[in-house]
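In this document, chain identifiers A, B, C, D, E and F correspond to the written order of the chains, with residue numbering beginning at 1 in each.
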């Protein structure tokens, strides 16, 4: 047996060596390829500038799609972080909410979410223009409130490559927001109630606030209309995605109430340890990976070379966020708490999401570090002052640091980027670089986000709770949600061979 | 100690703020870069059209490689889904088959699989032409059966950048098919027998059927030769990859027989619960992520902007597949079964794989939803009528829904894409859009797939079983395959400190 | 209830079918898009060649960033492989070192690592030139030792898109090296000591050796200065990244000493089984996936079509590495050891990293197979001869096979690529293709790596051990590092409902 | 000396532990077991097929004590662990011949102090 | 009252449970244990190095019953669990002083009904 | 026949097993338990909040033996498992009425040979 294997190995090695002698007639570097032939195949008869422009659009399509795919993959990251931080007995349930929100969100956004948000987004030059998206409803000239083209990707001629690519990229952003509350509301949320919530956020709250910032709505016009900087800017969604998710999560967690056993009678909290730290850290890695799609991809253009600065800023803020949180916990409690370190990295990422294109490396590092400290403080505040039970820290990571992110843009934008943004010529500058108007715009945007999202979500959850009850029974909660709600335990513990 | 940390944090903040003052002399947006210099470095002296064509080829290389990498990553997804759905005592074994198939497949495809399949694929314009691939053996003019160039990526001048990129992209597709049976045949398959199977599928069945559809073989010529639409079309492999995998899995599972304890004496099935639901759902996420390489990447061209439609269709079908399966299970059994919901998403993805480039969003959603219902029905059919034991539902997900995928193309292709496909001018239209010939071609292709793949695989497994036995002994099966076959348990359960 | 669901499904199907009738007015293939409009938006008024060059730079930015992201994701792979191979009681600790090294490395490289390494890298044409990087300190003309521009990405005008992208890509490579020792030193390394190490490798050893090979330093000039081939070549880092990591790991593991219980009094080793094989194999998949960024991305150019050859070589070597290791173990011990098979795949990947761009497919397969055998032998050598305890085989995988990689380039480079590399005209050829000088250069480089890295790291760890102690106490080690060092167990084992 | 072995609902472990600790019981040993009794288990459905789960998770609590505290302990445990629904569990009482404290080698009642 | 404690092969749990249930035994407690006896364990090889595994997985089944059913129960279990190969397991029989049903507070034989 | 039930520190399982095996003890059953006694548990901090862990992991080792070996066995175990620090564990000794070897049906002392 052994001999045979050695023989085989030997013979195949010899065979391969022999093959090395064969002359190569191919084109092993591409030097002899005819670019002209490809030109003719793709652009035959077109003027050169047209062909160059089409190449540029193709570059941007490739960039936008691939970064969009990375963002989609973040869903897995969220699922792992949240499930890892919860208890074994609820693991299948937490996983399932994170899984199903992806599907529900797609459908909700497909039906009307996308149309409400981007129906009037009009032309995005880098993607070859998205001509059909011209429908926005305004309460006054320049004060857009909601879009109305693109329902089912079909209405008004929106069966269009530019529209479809925008849908894909924006859908995965929406789903990021939608999956945040599954963390804060984990271990006690009724699955049927959750499903309805999934449609609500993807069809109503997220699209409407999103329209105001990214869809041509009123917040993005604060510059043109009121002279406040370039209007409210949120580059990749510290507020549109993260604060929306975090504030919805806060409203939901308040309405649900804390898990049984989370607080003592005197109001002091108990720790409920996570069931799988490696799972949560794997999830954090996946999120940090996907964020390189989230932020740099938000240029919607690979031809915008600023993507390199965006990517580096994202990386730096993630590092300083993690380290700041780790050092703070270490200093205060004697251990570099893994779960808080993971939260710290996410906090840095959330915070840099809004300003990533407008600041330089040192500011990014600073913004991330502040987020890392902030998230620790916020976790304590939410738990000990607000007495809200957020098993994974979603409110603090996404809510608090999301708001910090949009404000930090108003402070640190350094005037090297953003010429013409929001219809205002000149680059974007924050307070420290001489433009208080921009900071004011950021304040207005952040305040709007808090008021609009929190209020609406709170009302939604309250009403839903009245109508159908959104929390499982105490028996189900104590037993773990997996079997009663999902019909199956996450981990089968059959009495099966175990090893000594 | 605490003081020190605060001090450090403080000092470094100040330092960073100081640095902000430093003047920037670089090029923070790329505006001042000289494109001309790069032009000269890359294309010096070449005509502009040549340079534009080369840029286009580069775009397509980047696109094809990266999407190919995503497809490769699906191997991890399969490994997790299958392992998660199996029992703890076989976890290392299931993982290992999924791991080793990747390596075995590479070698099999390298030796002859690629040559058989694509030896006569000839020029792929978007990749700058793959000139050396001109060898196909035909039984009659235009009725190609098998290719014969590219053995070891070396024969006939195939050491060529265009050939290599095609190899990479196609190899990961082949490996997707090859890894499907490891699910249906899990928990009882002898590892040595599995290894031989790995070479068989990568060197024989897959390449030959693949040649007929993608390598210029006879099925792709049904349009030119018999006037049936554009010939048999399978855009990204509902049949070539998935049905091939699913049918091979069916043949294998029949020959292996059911796991001990799966069926009662009266033929009624028992449920064998999965050991790790979160693992399986993580795997499903990875698969859904990789599918964005699978389908959009199959244009082999980032310059083909249809990629955005392909990506959106893929996403929609995954969502409707998951939701349809979930709602059906919920309605029938009272719980949104997580494992079936995951199967449903994969079913939607498998089904949309063939038609994704030819249909619009609503049709994609419908195709996915049908797949989601179909997979549930098929799982019951396979288990209760055929009495075949398929631990992970691979036959239903990949076999049944793969076949539905190619048929659905014949129904819903909407005539907006595919001009010139299969050598036939005009776009591709399905039955509902006026081309019954196309539907007929699809039927022929699907039938060929069933007959050819199932028969050959069945014979192969039967003969192999005769010669060496392909199933482990009952003792090994009862004890779990990990220790007897792999020498190690997946999870060490040393009596080590446990926490209260 | 059931009826309602069916009703809903039915109605929505009908609705969708109706919508199919709506006429499409969009541009569903992109055929009607105006490339000219995009040209004007991006390049208005610029000469065509300038625009073409800018498109090329954009292609290369997209390529370099995305492949860089893939490399970043390898961090997760390392974390899983190492944690899976260790024991449950240390899982949170191993995970955390792999997590925190990412953040620490970013900061260390940001502060000075990048400047030391690439301060004098000067213009990288494919990325539009990285003009500001002109600072290198030489001991004699042409004998560069260390760079000095780019501290904090800020000094000397390095706030520049080309510099930032280089930082991002190189940072993730550095972090790969930095995370290797966390495997060899796992289960006994004090976390605080580890943190200091993290800054050391990212700020000192890695950047300096890296400067010599990739930053314009003396090793890369052996061709121009001494006429040895094209100077020392390490395409993607078999030595710069992997051997540096592996040798540092060796030094660290020696200084730390073996885990309690690893060796018997007579010096024979005991096996310490891994706690999670599926986790380790998932990690291996992620690494193999990320390697497609590592190697092909190292062209820093999507316009260099050799990327397809690089990718295929990488794939082939991974396969032959895995299979060779598996067959060897199977032949020697009767089982296809999963952990060694995984090591084998990584060994093949590490080995092909240096030569991947310069060899053809058969050589890649051979190099990988040799690495697969080598890694098994090296694991035994390290454990049984050196008596060094390396829980995950990091020294063998990255150290031994990394060195084999750079030598193999000197043997098998086939003269089809590398014209002008290292300032020497003509392509790169290894010993078997007629250039002994190149092989000599490779030998010098490998020897330098061993001497410089091992010595410096060994001294560092020894001194650090004297100053603060780098190993946890025996009590902590026996109890598991998770609770004493991290404050929390990786897996909570609350007495909670378990299933029958 | 006597051993009191209780099979309890998992969620009752905490309250029982607290009640006992108030009463001054220091030593106990806990393990995870599965059981059935009058409580009949349940039926789950996985992929449409029924699985009957007839062993339910329980906690086994073992306390070895001097003889004259047995009745009190049993009373405390019974009262704390009771919900009134089927599945509350059982307490078994056994005679113990000897107890040895490993640390000191003390035996008998002394070892329990 | 008597306690029957059986150490069995894991794969024998199902058949034994069924046999007992046919016989009308309602209550039992099951736990996962590891054991060695005449059966000597096995040797595995991890990365080329031997590991001797001398504790093998077993199932512990505990049944407390009224005294006069003991012999019958032992017989049923022995017969069902036997394979004839080394490692079949052992049954230990102990006296029980008292049994209390937590739900009702019943004691003695009554608590076992 | 007598049962010796020992609650030990997990890290002491190996040495005790070896010592017993030298002494010729072939049969034993091991399980993972949690316990508290004089040893009071510890406090951990998760995300800044304290958790008191008052059950610590222990190993339960059960050996059924013929009566006249009990004292020796107890001695060996006590000596091997002792560290002198609190938490070393306890040994409980019980009477066993009968032992049955499943494989052969042998009973009593014979079943222990």
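Assume a residue touches a chain if its C-beta (ideal position, glycine included) is under 8 Å from a C-beta of that chain, and two chains touch if they have at least 3 such contacts.
Bear in mind the structure is a predicted one, so any value in this text is a computation, not a measurement.
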Intersection of contact partners for chain C and chain D: A, B, E, F
Residue-number overlap at the chain B/chain C interface, same or different (half cut): different
Pair of chains joined by more contacts [C-beta pairs], B-D or A-D: B-D
Centre-to-centre distance between chain F and chain B (centres being mean Cα positions), rounded to whole Å: 53
Centre distance in Å when chain D and chain F are each reduced to the mean of their C-alpha atoms: 18
Distance from chain C to chain A - Cα centre to Cα centre, in angstrom: 27
Interface hub residues of chain B, defined as touching at least two other chains: 19, 24, 28-30, 33, 48, 51-52, 54-55, 57, 59, 62, 66, 128, 152, 154, 159, 161-162, 273-274, 305-306, 309, 332-335, 337, 339, 360, 362, 365, 416, 483, 487-489, 492, 494-500
Interface hub residues of chain F, defined as touching at least two other chains: 30-32, 34, 44-46, 54-55, 94-95
Chain F partner contacts - residues on chain D that touch it in the complex: 3, 17, 26-31, 64, 94-103, 105, 111
Contact footprint of chain D on chain F as seen in their complex: 2, 6-8, 31-38, 54-55, 58, 60, 74, 77-78, 81-95
Contact set on chain C toward chain B in their complex: 1-2, 5-6, 9, 13, 16-17, 19-20, 24, 28-30, 33, 46-57, 59, 62-63, 66, 70, 87-89, 125-126, 128-129, 131-132, 152, 154-163, 273-278, 281-282, 284-286, 288-289, 292-293, 296, 302-303, 305-309, 311-312, 315-316, 318-320, 322-323, 326, 333-339, 341-342, 345, 360-362, 365, 416, 479-480, 483, 489, 492-495
Complex interface listing, chain C residues touching chain A: 19, 22, 24-30, 33-43, 48, 51-52, 54-55, 57-59, 61-62, 65-66, 68-69, 72-73, 75-76, 79-80, 83, 91-92, 95-96, 98-100, 102-104, 106-107, 110, 128, 152-154, 159, 161-162, 164-165, 167-168, 171, 191, 279, 304-306, 309, 324, 327-328, 330-332, 360, 362-363, 365-366, 369, 414, 416-417, 432, 485-492, 494, 496-500
List of chain B residues in touch with chain E within their complex: 478, 483, 487-488, 495
